[in-house]
Amino acid sequence: MLNEEIIIAGFGGQGVLSMGQTLGYAAMVEGKNVSWMPSYGPEMRGGTANCITIVSDSTISSPIVSRFDTGILLNQPSMEKFESRIKPGGIIVYESTNILHASDRKDIGVYAIPASDEANKLHNIKIANMILLGAFLEKKPVVSIEGVMEALKKVLPERYHNLLPINRQALEVGAELMRKAQ
Amino acid sequence: MLNEEIIIAGFGGQGVLSMGQTLGYAAMVEGKNVSWMPSYGPEMRGGTANCITIVSDSTISSPIVSRFDTGILLNQPSMEKFESRIKPGGIIVYESTNILHASDRKDIGVYAIPASDEANKLHNIKIANMILLGAFLEKKPVVSIEGVMEALKKVLPERYHNLLPINRQALEVGAELMRKAQ
Amino acid sequence: MELKEDIRLMKGNEAMAEAAIQAGMDAYFGYPITPQSEVLEYLTREVPNRTGIALQAESEVAAINMVYGAAGAGARVWTSSSSPGWSLMQEGVSYIAAAELPCLLVNVNRGGPGLGTIQPSQGDYFQATKGGGHGDYHLLVLAPNSVQEMADFVFLGFELAEKYRTPVMMLSDGAIGQMMEKVTFHKREIVKSAKPWATTGKTEDRERNIITTLFIQPEKMEIVNIHLNAKYEEIKKNEVRYEEIETKDAEYLLVAYGLSARISHKVVILAREKGIKLGLLRPITLWPYPSDVLFKLADQVKGMMTVELNAGQMVEDVRLAVNGKVKVGHYGRMGGIIPSPEEVEENLEKFIKTL
Amino acid sequence: MELKEDIRLMKGNEAMAEAAIQAGMDAYFGYPITPQSEVLEYLTREVPNRTGIALQAESEVAAINMVYGAAGAGARVWTSSSSPGWSLMQEGVSYIAAAELPCLLVNVNRGGPGLGTIQPSQGDYFQATKGGGHGDYHLLVLAPNSVQEMADFVFLGFELAEKYRTPVMMLSDGAIGQMMEKVTFHKREIVKSAKPWATTGKTEDRERNIITTLFIQPEKMEIVNIHLNAKYEEIKKNEVRYEEIETKDAEYLLVAYGLSARISHKVVILAREKGIKLGLLRPITLWPYPSDVLFKLADQVKGMMTVELNAGQMVEDVRLAVNGKVKVGHYGRMGGIIPSPEEVEENLEKFIKTL
Amino acid sequence: MENNEILTPQCIVDGDDNYDLVYEKTNVMTDTRLHYCPGCGHSTAHKILGEVIQELGIQKDVIGVAPVGCSVFAYEYLHIDWQEAAHGRATAAATGIKRCLPDKYVFTYQGDGDLAAIGTAETIHCINRGENIMIIFINNGVYGMTSGQMAPTSLEGMKTTTSPYGRNVHTMGYPLKVSELIAPLPGAFYVTRQTVHTPNAVRKAKKAIMNGFKYQKLGKGLSFIEIVSNCPSNWRMTPLQSNDFIDTDMLKYYPPGDIKVPSKEDLINL
Amino acid sequence: MENNEILTPQCIVDGDDNYDLVYEKTNVMTDTRLHYCPGCGHSTAHKILGEVIQELGIQKDVIGVAPVGCSVFAYEYLHIDWQEAAHGRATAAATGIKRCLPDKYVFTYQGDGDLAAIGTAETIHCINRGENIMIIFINNGVYGMTSGQMAPTSLEGMKTTTSPYGRNVHTMGYPLKVSELIAPLPGAFYVTRQTVHTPNAVRKAKKAIMNGFKYQKLGKGLSFIEIVSNCPSNWRMTPLQSNDFIDTDMLKYYPPGDIKVPSKEDLINL
Amino acid sequence: MSDNTKTMAKKPRKIKGKTVIDIQKCKGCELCTVACKEDAISLSKDINNLGYRYAVVIDDVCTGCLNCAIVCPDGVIKVYRTSGKKKEQIATISNVKESINVTIDNPSLEDLSKMDYL
Amino acid sequence: MSDNTKTMAKKPRKIKGKTVIDIQKCKGCELCTVACKEDAISLSKDINNLGYRYAVVIDDVCTGCLNCAIVCPDGVIKVYRTSGKKKEQIATISNVKESINVTIDNPSLEDLSKMDYL
């Protein structure tokens, strides 16, 4: 039974909230249940943002959980805040261009993804979040890449549909990085 | 055991509320318990005013009662409103200069006191209320005239003490009228 | 108006205002509303020759926030209003409770909901005791039933407020506010407790004082909530007040506060004349509620009935207190109607028959 | 944002706003406050191209009185706010209840008292259910526990409001307002009931219509109070709503609404995994309260525990419902803290040991 | 038959002369006796309001909003649809009504305590939004209904029950000139100050109210009609004394006349 | 020892030159990092407020009141006694404080949503009573804290989260010129409009705040310091763009400068 | 128009007026008495059922100028006029109510009880 | 005074300034960079621990005019000046805090947690 509880956290502007939403849309497209819960309020003013995304086969009971199956972490403060809240056996996928000190927990999988570097290579720094998402989905295919692409197609206004290919590329780059990182 | 429940009612300006207060002060001076409860609010804008005064030897339970031992009534609307709310065996003392149609109840005592006429004779129309009070006290001496005078002395500012004699006179005129009315 | 000793014949509202001056009030902020406008009128007449500040605010919302400011600055401060005015003050009350500011709040309850009527009512019991404002907080609620208590509870109210750093509400009603009775003012020594937390200017010997109700982090907020609750438990332990009338041998019990308790007292007399062993429990604090004594009395009596000037509010607290041990009835009139003792007695007998 | 059928991924606040438009709202008046500002934002974005009025008021006090005016004029109207804003609206709410104006009121509850925190809370249960405003009145209170219900209860709320000429409150919380979930919008036929009492201009075929809450004579006021109470009794008879989860064979029962009910659902799963026969009763209407079903369940279970995001408010209604038949416990977190299912389960086990 | 006609009240015959009825209370007013105190300007204001509604023939399209204050019972006296609003919130309620019924005439009728104290925020923002309504503002310098407390408009030195030694402007604030305060707001289309204490003043005030209704159709903003009035009961004066006081004191501080009038272009569609 | 002295931060030695410290953040400010967004005028306003308090040496006699808005955390940043007030009620709270502590300096620090929307009544009446306090009014044309809704001061056509197609003055009201609105009130002693987006503007604004504190001692009324500020985050601009917008748009509608200044006689006791 | 000028030209006979006051609704405020330039109205010695002295016509010199009626707060004055060009715009009377003398009832509070409450 | 005029008279050597920027508190708003008429300041390429590019002195041409420090919202600029008549009224420094470089901590929310809550 699928019930994946994910925390995504980083600086505001790193695309943390939209990464969660994209994942949510994809889950919805695939007929799964989903809940997406942002941190809100002045916390965001401090420059950090995070969201909890839960993807499940069955009804999602609590949309807010304090321990997670997966952490997708984009900056150092988030690493410090959330590393201890990953369940044993869970994973952390992190942005290794920004985060210098990663978790050294042994009971979870910790995967360094240099997403910003790779995004720069694709000449679009904004795509770093999709690279991380791709990496995560490679490890835990809670939704398919096709699902993500279908979701993006529905969510993005027509005029942005030219960005679909680069998004797919980013997802694939992420998957590739994950395969390497393992 | 003394427990006299009195309704005093008339037009605003007829000294209805202050009559009740004077009675209350006198009762207090004589060490009795007293409660005085005015009608309040826009009702008074309609030109009518009334107050419930209770004088008692013991603790006064409810300061608001719906039936009365005595009604001191100064205008026609008050007569109409309150005549039925006098307990059997009770009394009505009324201003017969103003009120043309008095109660014809047989189970209570109804006493016509032409207070305004008499007050005019004393060249002070404002004193009519004290005449009615005097009449009431003649019938039911719940406080003594001395008590009332002492109360007035305490309550009136020094500069009005010259009015004390005419007040006493009014009380006595009232008493006399009551003796005649019976 | 002074008679021998310091006994006076006064309206409840005036007695309260006089008591506040004698209690060394620093400030009063209020807005006119019937049936309590005499408070501001009395104070604006008296304080210029005596002591304190009495300011007419532009609204109840302003008034309660002036109280917030003044209380935060360490003043002995109070306000009063009546039902609709109190609804407007609910945000401010919640802030004051959260900031733990001692002050006295008086509701001279009139008939509602809406603009309603200006006649006496007890329709604001829930608002006063369960918290009409948002969030978990409590007011310490005192319910006077005479002009004397209107005066006495001002002294008591200020004292308790400062002792616990908590707002104290006096829940009165239009009848007790408007009626005149004898009231005795005893000589008292007024002790004002030190308020080292007050915002009086940051002197060099201390850190800055901050009055705030903002605790943006849930973890902090919960600590504040827990702290408040601990205080409320303390108050529950120490400050329950009530009066028992003829309860010793009572087989039936009336429960009533304020004006209803006055009426119910007469009902006890009437019922006992008829041979019904009736007692009366008068809660003086509506919060904390005298639940324990009711729980005990539930073993003794066959039934309890509340008498309230509302549709049945306090009856819930009585039911919670006795927890099913005895049947608890309610007799109420609404909208400013005041039942006569005879009427209540009649309904009591009806209730007894259902037991 | 549209996907196949009309299924969308939306925030609770947005779903509610979308539902209101689909429900044929005539007007919304509101004032920004976290965590529900998305409502006004969504509406100001949508209504210019669709239908209705969405006006940013100068304050919550103004907003609720705009609702009063519009509802009195026969409009399908609503507002939303969060805790401190709702405290400010209490006078208006009492007026609306007294004037019997149908409208929808949404409180996206955050942590209090005072300014508090913006995180989710259920600290306004008392305010919503016992009447935070003055006088005897009730709101019909709906408690959604998902984004879907945030949408559905808008339709239901308008319907019930107009059916009973009464304000309906939706008591949600910051989590449900802020979170995104799937929500399906079904095609519905919107029926708006006739409002012959509305102030739309006195045509010659009828007497003038008056919306008022002033009943200066106690006798009249009491008639109004009695009328309101009769209506409330009617609502109690017809409109109690709740959900039973695994209660059939339950030996213990959780009682929880809204977000707490989501958490409690997981607790039921956890407990049953451990062999504890736990059930969940989720009140959907907080007023009228599902007392009867609890009274019945009290014969079956050994104990009940409420799970609330407050210091213990709804627990009083459960105790009143079971009237002493079983022990009723409470587990609560405050200030925006949300307990994990594991934590609740642990505390449930502790509670069970006290039975 | 001739006799019959003579007995109808439209005309009476007195000796040689045949008299036609030329003035009586408009039947937009109800028969209920006004509860106002003798000589109170509220009554006069009601009367001319009724006359204007009758003369414009808009009875079926008018919705009045009267909040708390002596005029809370206004709905007793005018045969139109009414809402009684919470203290200070008439303009908010009126906004709610007008936004939902933009083709109706909506007006508020508010006292100075209501409009200028507790309702200040609602007043200013309603005007600033230029809601297409009319505000009739009865400035009697006192809280009439609650029996004579100081209002924001009480004059300097004025004795009221809450300024028993006279209003001290340094501690209690200055009498607020609401019309002057709000006239600069772009949402205010027409701002005028009138009285109703003499026959001519009544005629002018009536004209102002008529304008207020007419302008409402233009959709260009709000009409604000201040009526400096009296409160004999709480001023503790006879009605005649109170009217003198209007002339000698109130109008000194609150000068009558138009404060903001529409331009000709503004009125082009009238 | 010489060496030691050199190492204290008052001066540094660089080659031949001996440098003295001539400017640093006043220590009336705490060390807590300001939570404001980059380039936000709130920060600058805080800073000069702290400097004025330090320069006047009145730290122990000042009580600040900050209501809800981005500056609700003001108490984090200035080492003085503070009260955080309910939204819109800072002036009421300040009135309560000042009446009880007349010898202290009391000021409020309020946003435009706070002061000019929900707090309108409190603002006007506090000023009208001439409370001897200072109001610092940060006008950034938007609700900053709640993330960018329209404020009463949002300019015509301005896009905000609740005016997504731009502020339509006919349905949403006109941008409110609060300083002009309140300046005529006799209780307003000093009314000025400043900005803090350039070094010179900051100097002037600081002077204005200094005046506000000084005038408070005179007991002649209220000082109202409007600071036209920015909200880069919610204007969706960089700080530099936002400061340009102040010059090109905000100051057009809200012209800077003194609006009401005390006369010489007023200042005689200063 | 010719008619009109004729009337004005000869001024043989001043337009005559007549006021009818509902004495039971009159509150004796005296605004009419000072408003009447002809001194046609004065207060009675007696009081009506509201407790007020009421306005009465004391002198049959009324010109029908309407001042008294226009200023009367309670609208209890009706004015009649002999034919002739009306000087005043008058209220349109679409449905004239009968009765000049009104039955005596109780003070305003009782009136209020006639309210259509719900 | 004579000293002063002397200095002004000969103007042999322009007053020199020095700015010290607390880069970990800088938010990179760039107000200082445009305020400096000498173009002494610019933004770094790197980001600090708040995630912002920060202001750095790029050119040692500072005159000590204070503009950058005065306009800096976050008050993270200190200015030093060589002796000479000060052109500006400066803040009185009664108690100078130490440290030019500040330890790196978490974003503001964590700062807030240092609050003295009750």
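Letters A, B, C, D, E, F, G and H mark the chains as written, and numbering starts fresh at 1 in each.
In this section, a residue touches a chain if its C-beta (ideal position, glycine included) is under 8 Å from a C-beta of that chain, and two chains touch if they have at least 3 such contacts.
What you see is a predicted model; the values in this text were computed from it and never measured.
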Contact distance in steps, from subunit C to subunit F: 1
Result of counting contacting C-beta pairs for D-F and E-G, higher pair: E-G
Mean-CA-position distance for subunit H and subunit E (Å): 61
Distance from the mean Cα position of subunit E to that of subunit C, given in whole angstrom: 40
Rounded Å distance, subunit D centre to subunit H centre (Cα mean): 54
Rounded Å distance between subunit A and subunit B, as computed from the means of their C-alpha atoms: 86
Interface hub residues of subunit D, defined as touching at least two other chains: 34, 55, 58-59, 61, 84, 91, 95, 115, 118-119, 208, 210, 212-217, 220, 223-224
Where subunit A touches two or more other chains at once, by residue number: 41-43, 45-46
Residues of subunit E whose C-beta touches two or more other chains: 35-37, 68, 72-73, 84, 86, 117-118, 120-121, 125, 152, 171-172
Touching residues (chain side subunit G, partner subunit B) in the complex: 49-51, 106-109
Residue ranges of subunit D touching subunit A (in the complex, touch as defined): 1-3, 7, 9, 34-35, 118-120, 174-175, 178-182, 259, 262-263, 265-266, 269, 338, 340-341
Residues of subunit E that touch subunit D when the two form their complex: 59-63, 65, 68, 72-73, 75, 79-86, 89, 92-97, 99-101, 104, 121-122, 125
Complex contacts: residues of subunit B adjacent to subunit G: 11, 42-43, 45-48, 75-77, 80
Touching residues on subunit C, where the partner in the complex is subunit D: 61, 83-84, 86-88, 90-91, 93-95, 97-99, 109, 111-119, 121, 123-124, 126-127, 130-137, 212-226, 228-229, 310-311, 313, 316, 319-320, 322-325, 333-337
